[in-house]
Structures are given as structure tokens and as C-alpha cells.
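The letters A, B, C and D name the chains in turn, as written, and every chain counts its residues from 1.
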């Protein structure tokens, strides 16, 4: 199902990514099931280095988001290359709650708003971000809505139990 | 003695003033707030303040089962609700590994393309109305009304369709719908001349759009612009071709592109795209396979643990759903990649140097829906 | 805007421009004498399609001259807006439960149709009513079973 | 019965003389005609717009909604007139009052028929041009006094626009004046008794119509109140009857512009079978219809294009037209 070009690009990517971020875990995944070809897992570091590498390979940033796993955040970057081979790469950076990653907005300007959104909903203060303010929530809000403990009360827990 | 000031001597900040365009303004469809710094009528700096219609769909998703999140998706982009609904269903189907019957896929294609044409008609006509022509707007709505009537006969609703279901569609299409769709295709093909006479060839429209709001290829790629806006800048990217979903690989259609990247290019790309959509609808109607329209799925879906990203082409660009499941009936996290979000951000870059009147034209030609940005 | 704007283009622009304007005016003049396409709503009423999604309604079955609701509560559970409340009753001990009261707060309903889909007894349908304006919020709360009785 | 036989009227008549008497009756007629005319034109505009857009337009009040604008006027009179807190109160109040003055004064010299003219002035055309420039002033006053940025932008645009478009307007009028050798309205009409001026001066006529459209701030030159950019331009802050006065002035100016075009180019009251007033009003309303028709067809120009159009297209062409006219008249 993978074409020759895709296979070649995947190999190249694996090598170059492994070279730039040595401690990362890189694995291929089932595109038909997950929607991405290559999975890149790393803890704490490497978001900027990966972004630069991706930019060099003419990848496009599709989205930046985060997932709150109670003890840590997982920042998810999705890159897609539609120039030649339609390869989608997912980059997952696990960061502890008190140590935010660096911004990639210098590499991909699109990330300025996307990272603002992530900050707005999770409270992740990207380092060296040019314009880190609230974007969708009110400017004077004191909460981060997409944290798992936001809005949890006894009643919502009961409702969850009921519908599960 | 008279001292003549050069341009450099004038303190530019003394001449600047700020203008709040929005949140309530006739041309910021919905509630979008431009904070403009103007020099006379020329925009020096533009900032978009969004979030006035933020409803927290992503948070809502974490508190309800997969089926219950379903109606929310159409509320994000109310102009292409069918596409958003279908895309959400496809994402969950991908996550659970559900095979959708061929007929259901074709029906999804037909309804999605009809919805896309409706959305493009509204987008173009809103753009034209922003430039000041009110009558073409209502002619476009006349055509759009036919689509809404058509979709109402099968889905029962005109805007938030809720037509697709996990594993297929809710109601099978009947002969009357197919005939109506064919009639509509013929009707709209006949109407393109009207739009050409009234809008495309009009000298005022040409002067207002050519060379205005140029988004170069590099800027478009850097800012993650997708959809007709990107194709108007000369990049041949369409999710329907690049990552075919829902049997789009079965149909023959072109991806119209333009190199100029100005308002006119985006308008022409949308026009050409409507024609391609009509071709797809015709092919799908011709080859509509027989069979069931809904796979056998459990009443409440419980996907396996894991995550999944699915991308599809809405009328405004590439939408992506990223779903993280922890193996329960409630999604752990749903992220929606809204195309309008990135498409709007590029205005930050291209607005300076344009007139306020151009802002309306550029904003109309990029064609964003605010509820989708705010989610 | 265009720097290389010579005299030839200037003259050409005036002529093609005027021609396009005249064509445009012709289009609108033609439309001026065409029949109108809008529906004059309070005087002309549109006919709803059979699949139209109004509020939900209990189906009247012929076999028992009533609905088939067993008050299982699936519709109440699957409703995204939590607007459905079902109350069941048993006629006598050991008998099957049946729905006695079925309240829906239509003002909060998002018309998704999940309750109709999920119903195991297929006793729910969409009504064809579309003139759903109320004088008070409480008028939007309706008891489907009572409406069924009235329809009989 | 002869009016002059009544004793009281006879006294007044004898005291004031026939001339002033005619003026007073004429002014009263004008004061009645101006609001009714603009109400009718609003209705015409809405009807034409409706039918062009394949919908019926107002239908509820009266047969085919003909009383709609009167009811609207009643509603507007009942509305509160809000003055913004930081507005310049006096200018804000004066602006809508001054805007109707030219609308009324200009009617004095318009010859509806050989006998139906309130006052014959030998500088009739000059009077109309002089007074219609006042409306630019009142728009500027209203926009400035509102203390709103949209209003200010609208007002500044209005002034620039009216200055730019008055030049080709006057130049195109000039060529007609050269031909008929008079500034008197009735003499200009009388000069086109066999052939309308339109036949000799088509270019000037088209330029004149374009310029009056721009002068009265109608689409496609309605940048002053471009609703998709400036909300409603200079009258954003006006409510109730003050807003209605601006509207009245706009529609009356439209009618005056059309009547001017009729006088200058379309043969005034001349026409077969019917009396002069019928032909004059018919021609004027037809021209009004054309402006309405144009409004509901075209998009709006951008401001710099509007200016370019005036200075680079209209003024050279009208100058050329004037030159050719002068040479031809001299030679013949």
C-alpha cells in the first residue's frame, strides 16, 4: 500500500530524525487505522529540532495540540507532506507539567496562533513565544478549560458513571 | 522661515488611529473583531480578536459519549455541516475499524458535494456582497435554496443535517432525491453564465479584486492555509485527491488552481470547484451501487484505546479530527483542526498596506466561518 | 496599481468596462420582469417532506391502539442535551413495563435524532410540525403520551 | 370663480403683488411635494430592488405596500432621537436641518412645465449647483459631530467625492450651456424643442448622469455610507427623524438630479399628446428608475478607484467634449 517514494521518504525521515534527536523513539504505524505513517515519541526536548528538520523536508504543520495525562502533558504536532508523497508524521513530546517546551513559531508562523490556543486551554507556557496571550477564552480568565480536573464535580462524575 | 518636513520627520504615531471593526459589524459575518491601526484609510497593523462565539466543543466532547458529540460537529461550521458530520463519523469508523457499505459512501459523497456547492455559493455571494453588489447575493441564495430543499428531503433539516451515522447514513436516498439532484446539477450549470455576466466580467469587480490581498505561495504554506485559499495561491493540495476517503478515488475530477493568489484567483477557484463538484455528483449518481446504507454497528460505540487522525476537505480547507480514546465510551480528547483558524491568521500578514474597503474584500474571499474558528 | 498602464489599455478598459456594465444591467433588467421565487409565508405554507425533523412524537400502532414504549430510558441516556424524561409503570405485577409519561423539553432539543435512532421498540418518530413558537418556556415542555391520547 | 374677488385675498394680493403670491403657493406645494416624493421614491426603490431580486418587496401596508414608507415615517417620528454623549450637540442637531435646505430650495427653479415654475431666475442652473453643494457641508458636519470614526471616514469621503465629481458635472453642463447660450432653465428647455440635447451631447449626458449618481452618493459610488465597510457612514449615529431627514435629502437630491438631466438633455416638458408636466415627471422618474436599477446591479468602487475615475476618466473626457462643442459651435 505504501508506494516506493513513500517508503524511501520514510526511511530518510527516520534516519534524519534519529540523528537530530537521539533519545527519541521512532516507529512506523498503520496508516489505515491511525491516519499517520510515522510516530515520533520523545520526552521533554526536541520539538524545535524536529520542526526544523521537518521544514527542511518540506513538511507542513497541520496542527499543534496537547493532551492532558493527569501527571504530564503530551504535546502533539502533526506534520503532513503533500508535495510528493502524502506522509503524515505525528510528533509526541511528553513534558512534565511544570516544564514547558520551546515554541516552534519561529519555524512555522502558523504555530503562533496554534500555540496560543494550546496555552489558552492547557496553560502550557511555550518558551520564547512572541505573543502568548489568551485567544478564545476571556482575557481575564483564571482557568484552563481543557485540563482534566477542570469542571469536575461530584455530579459530573456521577453522570460519567451513568453513561459509561 | 518655512521648514519643510520630510516624510521621515513626521512622527507616524501621531497620525495613526485605531478602529474597532466588529464584533458587531455588517461584514464580519458572525462575531469577529478586527482591531485595526489605520493611517488615513490604510491599514498599518491588524489584529484579529476571536473567541466571541467560543462554546467549548472540545471540552464538551470529554463529557459525553461518541454518539452524543455527533450533533456538535455540525454546529462548528454551520455552512458545511454535512461535511463535518460525515468527517466525524469517518474518524470514529477509522478508530473502530468499521467498514462502511459502498452505497453509504456514495451517498455521503453526493450529500457532501451538494453541501460544498451550497457553502461555496454562500461564500462567493457573501464576498460579492462585501464588495457592494447585493443582487448577485440573492441570486446565489436562490440556487443555494434548491440545495437546502434537496437535502431537507432526505435529512429533514436545512443546516444542521445530522444525516450520517456511524457505519453509514440514517436514511437511504430515494429516486426523487436522485432526480432532484440531477435537475439541480443541470440548473446550476445553466446559471454559471449569469454569474459570469454579472460578477466575473464586471469591470468594477475586476478592479476591486485583481491584485488585492495577494497571498504568495510561501506565505500560504508557512501559515498553514488550506482549501480554496491555498489553491488560489497555486498549490495543488486537496485532501480528496491526496488522501482519498469515502470512495473519492472512484471519481474523476480536477483540482482547479490559480497562480495569482489574489481575491480574484480565490473567487475563480471556488467557481471552478463548484463545477468539479457537480461532476462528482453526476458520476456518483450514475454509479450509485445497490445495497445497504448502514453497517451493523453496536448501539453505543466503544472504540479500542489509541488515537487516530482523520483529515477531510470541507468547503474551507482541510479539517482534521484527532481523537484520543482510552477504551471507554467517552472520548479522552477530541481536537478539531479548523481550517478557518489558520486561514484567518494569514490576514495578519497580508492586511497591512491595504484599504479598509480591501479588508472586506479579502475577508470575504478567504471565506471563514467564525463559529468554526471559535469552536 | 499597475505601473505599465499605457494609453491603449486605458482606452480599452473604458470600452470593455462599459460593455460589461451594460451586460450586467441587461441581466438585472431581465430579472425585473420574471416571476418572484420567494414563498409568501403566512399566506402560502410550505409542505414539509416526510423526513422532516420536527420535535419527536410517539407513533400510534394499530395492534394495541397505543405506543410501544417500554420506558427503557435509552433515549433519555443517549440525549446529548438531557431533555428527555421517561416514567414507566407496570399494569400489574410481573407484567411488562410501559411508558406512562414521556416529557421532552423542546426548547433545549438540538434535533439530532439520536433518540429516534436508538429506540429499541421503534416507537418514536419526528413530527411534521414546524410552527413551533411558544408564549412561555413551559409551553415547550410537552408530554408525548398526552399528545398521543389527544390524537386518538 | 376668480380668487382675487375675495376681499381678504384681494387685500393681500394687492399688497404683495402677484409675484410673491405665486412664490408662497409654490413653496407650500414644494413643502408638500418633497416628503411625499421621497416616500414614494423609497417605495419605488424597494419595489424595484425586490423585483430585480425575484422577490415582491413590501406587500403588507396598502395595496402592494404603497403606504409602507408613510408608516415608516410615522415609526421614525415616534422614535427617540439619541444624541451621543461625546458628540458636538449643536452641529449634530444642525446637520440634518441644513441637509434638507438645498433639497427644498432647488425645486424653486425647476420648470415642471412652461407655467409650473415657482420662480424664473436667469441663473437657475447656477442656483441649483450652489445650493446642492450645501449638502456636502451638512454631511461633513453630521459626520464630524457624531464623534464616531466610521462617521468621520464617511464624511471625509463625502467631501472629497463631491469636490471631485462637481468638476465633470459642471463641465458637462457647460457644453449644454454653450449650445443654448443661457443659464435660464426655461430657455434651455425651449432650445431643445425639435431635437433633444441628448442627440447632440450623448457623452455629456452620460457623464452628467454618472456624476449626479456620485453627487447624491448612490451606488456604485455610495462610499459615503458603504454599509459593508463603514456600517452606514456619516449617519451611523443618527436615529429617528434625523436619520429620516438624511434619507429624505438623499432621495430628493436624486429627483433633483434627474430633473436637471431632463432639463439639460432630455427635452424638459416636450412630448406628444400629453401636457408638459406629465412628460417632465415621467422622464424624471424614468431617470430615477435608472439610478435605482444601477444601484441594484453593480458592486461598489474602492475609494482610490472612485477618485481615479473622476480625475483620470471623467474630467479629461468632459473637457474634450467641451472643447469639441465649442469648436463646432464657433465654426458653424
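Details
One rule holds for everything that comes next: a contact is a pair of C-beta atoms (placed from the backbone, for glycine too) under 8 Å apart; a residue touches a chain by one contact, two chains touch by 3 or more.
In this text the structure is predicted, and so the values were computed from the model without any measurement.
Remark: among chain pairs C-D and B-C, B-C carries the greater number of C-beta contacts.
Of all the chains shown, the one with its CA centroid nearest the global CA centroid is B. Compared with subunit B, the chain whose C-alpha mean position is the greatest distance off is D.
Each chain gets a centre from the mean of its Cα atoms; for subunit A and subunit C, those two points are 39 Å apart. The geometric centre of subunit C is 48 Å away from that of subunit D, both derived from CA atoms. Each chain gets a centre from the mean of its Cα atoms; for subunit B and subunit C, those two points are 23 Å apart. Centroids built from CA atoms put subunit D at 63 Å from subunit A. For subunit D, the set of residues that touch two or more other chains comprises 52-55, 296-298.
Within subunit A, residues 163 each touch two or more of the remaining chains.
In subunit B, the residues that reach two or more other chains under the touch definition are 64-65, 68, 135, 139, 142, 198, 202, 204.
Taken together, the subunit D residues at the contact with subunit B in this complex read 49, 52-55, 149-150, 153, 219-220, 222-223, 226-231, 296-305. For subunit C in complex with subunit D, the touching residues are 10, 14, 21, 24-25, 27-29, 31-38, 40. Put simply, subunit B touches subunit D in their complex at residues 17, 19, 25-27, 41, 128-135, 138-139, 142, 198, 202, 204-205, 207-208, 355-360. Of all the residues in subunit D, the ones that touch subunit C in their complex are 48, 50-56, 59, 293-294, 296-298, 312-313.
Those residues of subunit C whose C-beta lies close enough to touch subunit B in the complex are 1-2, 13, 16-18, 20-21, 23-24, 26-28, 31, 37, 49, 51-53, 74, 78-80, 110-114, 117-118, 126.
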